[in-house]
């Protein structure tokens, strides 16, 4: 077929003709879209962080005015003293922004977009235009979510989990517009994610370069591929639930309204049936990036490449049958508790496999402790803590006590901040030279890492102890309870650490922006990596590769005895390497 | 084409945001405030109560020590307050006979206080657009949940002593109930009227509605449990009077 | 403070705490092995000029070992927990002869309905007390937990009791206090702006004092 | 996969299925989960409160919907015919059957709007019975629930979202039809026709499930 021999040809043939708007705003280039997502979700991350320290202020210094809080309107914080309803909004929106507008787009939107075509040797996504839409749907969703802060009655205040009936009826919270905006924004963002996932899956299946067989795919791509499947299947559940809740609020349906035959627990089942796969959406890509980065910087193949893949498959599969562990105390039939406990505990197995394989990768390596490696190792060290604290909650009788306490808050932050966010710092630093053609400053990077690591642990480690003391989540003023009063000092300590932690992130922002303009120019392959993306210039041109890359081996051939150097790129042809089988490449030119 | 769709989407979002946002209540206020008083006559009256006054429920404030200590003995919920045959907390307003507006806005905001875990006053009136200042005089959390049918509901909280919040109502409504979810026994009622010619009977059962020209007016008296009564009064020479009598079960 | 649980005052608190310490020890061992391993590897295998890493793609024996050990551990943990969970949470598990109560959560208070002198709920001598739960010591009680408006969660840290109260459902919760005194009840599920203040008290009396208290209340 | 289809000569090593078709299959996976959420909720609500669901035929008009179901199945047939036509190089057949599919799809939506109209008229709206309506008067008689809150909620949400999907399908189908009239589909390359066909059959299948569990059971 001459007219459509290369489906990407028409999209890329005339790049020099493209106006600025087509090139950088309404771009169909996966690299530009990835960077657009990067900027958008870094803003989301910053908003989430600001919300966090605002709410932490109230916990650290209950009833005292926030310095500079006078600028907040009277409906949020009269005289700078947070109102309980605003505190609930802060809690809700901190979770919402971090999960939906920071971590998830950073992992999936940014790196899914940027890495998949480059690492599989494709010129772009399978559906570049759809890809553009996925960003241009995510952006209005973000704007809409932010607009909720300015609504009468305030922003959604029923928690990021939006448990019905609290979220279903403005009578219970005083919030009406905010909650509706929240649901709409989540549903719209869901469309963006589904479009993205459809694109990623098609791209990985169909657009791999010759020789890039399934078991030569980097683990980052495996992780993004499996994550896309989770996104594809989990997000529509949330969209459906959000629409039902929206109808409960607007056209008077009764899905979650117990007074009229509805089922409040139905919301929880739907939410967590989405929500637990979502948890893995938020960690699997991080695991993939870290595998790549640890292998690269240990100059050693990934230990147990196949078990890594099978472990991810197991996590993905188990992710669908454990949602009930969020609902042990919810009134769900207790007989189900034991079932969910067993499936939940089983997740410890693939997690352990992955952890030991990362350690195995480092074992007898030749470890370079650069900024990506520091962050990647911190991921492993912190993810382990998050994983182990999960065991406490999985054991149902212990969960009775620590459920809905700060123990779970510590757990989620060890997984999502200690895990995902450190992996993101690693990944951003590692692929920054490819994205922008310049290196991030390594000195600032190291200072940022060590300070973040320190303040992060000072912030979240004591939350375990708060939880063990029985400190409930989401309470505005712990000093109301006698049994929590002895813990006030710890709360204050955590708040101060959290403020320092956020302040430290300014270093990262500074490094990110300054390096963009002034960073040291990066070579094509600054980390001496094997991946296909490092064979093309930094940043890669439109269409990615001057010639079609041909892949001869897996991505982790570091310190191979076959060559002098300690790395062996996937595309480098050695004597005796077979050309990829003709059967695989009927259409190959 | 694509640009158009996006623009349309954005407009739709804005519209959606705008529709729910903003209080929008302030606009009518300025014009009304400028209006001159209609006259200088006034209606005076008293509310009688006959029969056995129902006994008011007691309140279990044991778990709110700061409030309990503001009360002598067992706190009671003053649903029906009768003193020497006179009934307090009746909301009286003019329902007919008024000349066309605009009506003058009261110079002071209406005030309601939460003290000893009770609303003071229990019944009050505000004019549409008039500020209502809600104050917390207790060192603990109260929330103020207005459950109107015509106006926009609100549910706000005051976690600390001395906090004041201002709200307005934009539509006439008899009556807007206020409740506190932290203290289930706390109730108050706000009459929202489009003019300033309303009053609440005091402990002596007396009330006074001032600023009216001579003429004949329809009056309605409302009590939270004893129902509504209507009457008519004529102001001549700047004075008129009316009496209502509510009776117990 | 630290990793030690506060003292528990119900019959099953000890069992829950024991399981907690088992998990703490198991995860503590894993924690030390992994974190220490990472630090050691970072030092021992740090980059040295001219050195090349050991070239290996893995080891199946190692994979089997570190699959099997966690698998066995979690299965054992599961076996240890299942029975206790059923004993505490099973809908039929309240001991025979437990004193019945009804506890209703609403924004933002707990209303406790007492069975009164006849020991039966739903009879004329029931009475309701706001935010106060009075129980006798060493005697199992069962609360029929419900909610009027939104989801609340009935949490008594000292008894290791926690159960969501869901509108439209009545969920039995039982416990047996082992020591007289006053203990706090909290709401553990975000229920609105007064969530943090949805505090109530359990008072554990001696059997005689409890009888007296019920009699006093009924007399009012 | 027929090689006569001659999918674009990908130089990649992926599957034999061309991008658009694979993409549609993947997207339909997502759609399956969306309807699973709605239908699953319906099943849960119905098991939890069977008394809120009317006996078949009492509230909903089965004959009208049965005809509508038949129409939708016919549109799947015309879709298949259109695809067969383009494979045979029969441009006229392609256009005719595409137009027929569009028309039947639009009719389906029209009948659904009519059905909603009737239901609202009789007093059955998403929040339940309308007070003092014809249906509300029958509440409590055999086969007529006292209150239909969850029934009406899930009925309107499920059928409404299905109707929305059909409408979207008709829109996309019109676009494909327009392209067919401009001769954009050939015997060897007619990806658009096949892809919209997949979607169409999916929506049809969902309706058969909905019709069975909502109207007949």
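A few notes on this one:
A, B, C and D label the chains in the order they appear, each numbered from 1.
Following the convention adopted for this analysis, contacts are C-beta pairs under 8 Å (C-beta built on N, C-alpha and C of every residue); 3 or more make two chains touch, one makes a residue touch a chain.
This is a predicted model, so every value here is computed, not measured.
The central chain of the assembly on a C-alpha centroid basis is A.
The busiest chain interface, judged by C-beta pairs in contact, is A-C. As a whole-number value, the distance joining the C-alpha centres of chain C and chain D reads 47 Å. Look at where the CA atoms of chain A average out and do the same for chain C: the two points lie 31 Å apart. Between chain B and chain D, the centres computed from C-alpha atoms are 53 Å apart. Across the assembly, chain B contributes 141, 143, 155, 157 as residues in contact with two or more other chains.
With touch defined as above, chain D holds no residue shared between interfaces to two or more other chains.
In chain C, the residues that touch at least two other chains are 107, 192-194, 197, 199. Chain contact topology: the protein chains form a pattern that is neither a line, a ring, a star nor a complete graph.
Inter-chain contacts occur between A-B, A-C, A-D, B-C.
Residues of chain C that touch chain B in their complex: 106-109, 129-132, 192-194, 197, 199-201.
Of all the residues in chain C, the ones that touch chain A in their complex are 1-6, 12, 15-16, 19-20, 23-24, 26-27, 30-31, 34-35, 37-38, 41-42, 45-48, 51-59, 62-63, 66-67, 69-71, 73-75, 77-78, 81-82, 84-86, 88-91, 107, 149-151, 153, 155, 157-158, 160-169, 171, 184, 186-197, 199. The residues of chain B lying in touch with chain C in their complex are 60, 62-63, 140-141, 143, 155, 157, 181-184. Those residues of chain D whose C-beta lies close enough to touch chain A in the complex are 6, 8-15, 17-19, 22-23, 26-27, 29-31, 33-38, 40-41, 44-45, 48-49, 52, 125-128, 147, 149-150, 152-154, 156-157, 161, 188-189.
On the chain A side of its complex with chain B, the touching residues are 26, 63, 74-75, 78, 81, 83-85, 136, 140, 143-144, 147, 150-153, 170-171, 173-174, 176-177, 180-181, 184, 476-477.
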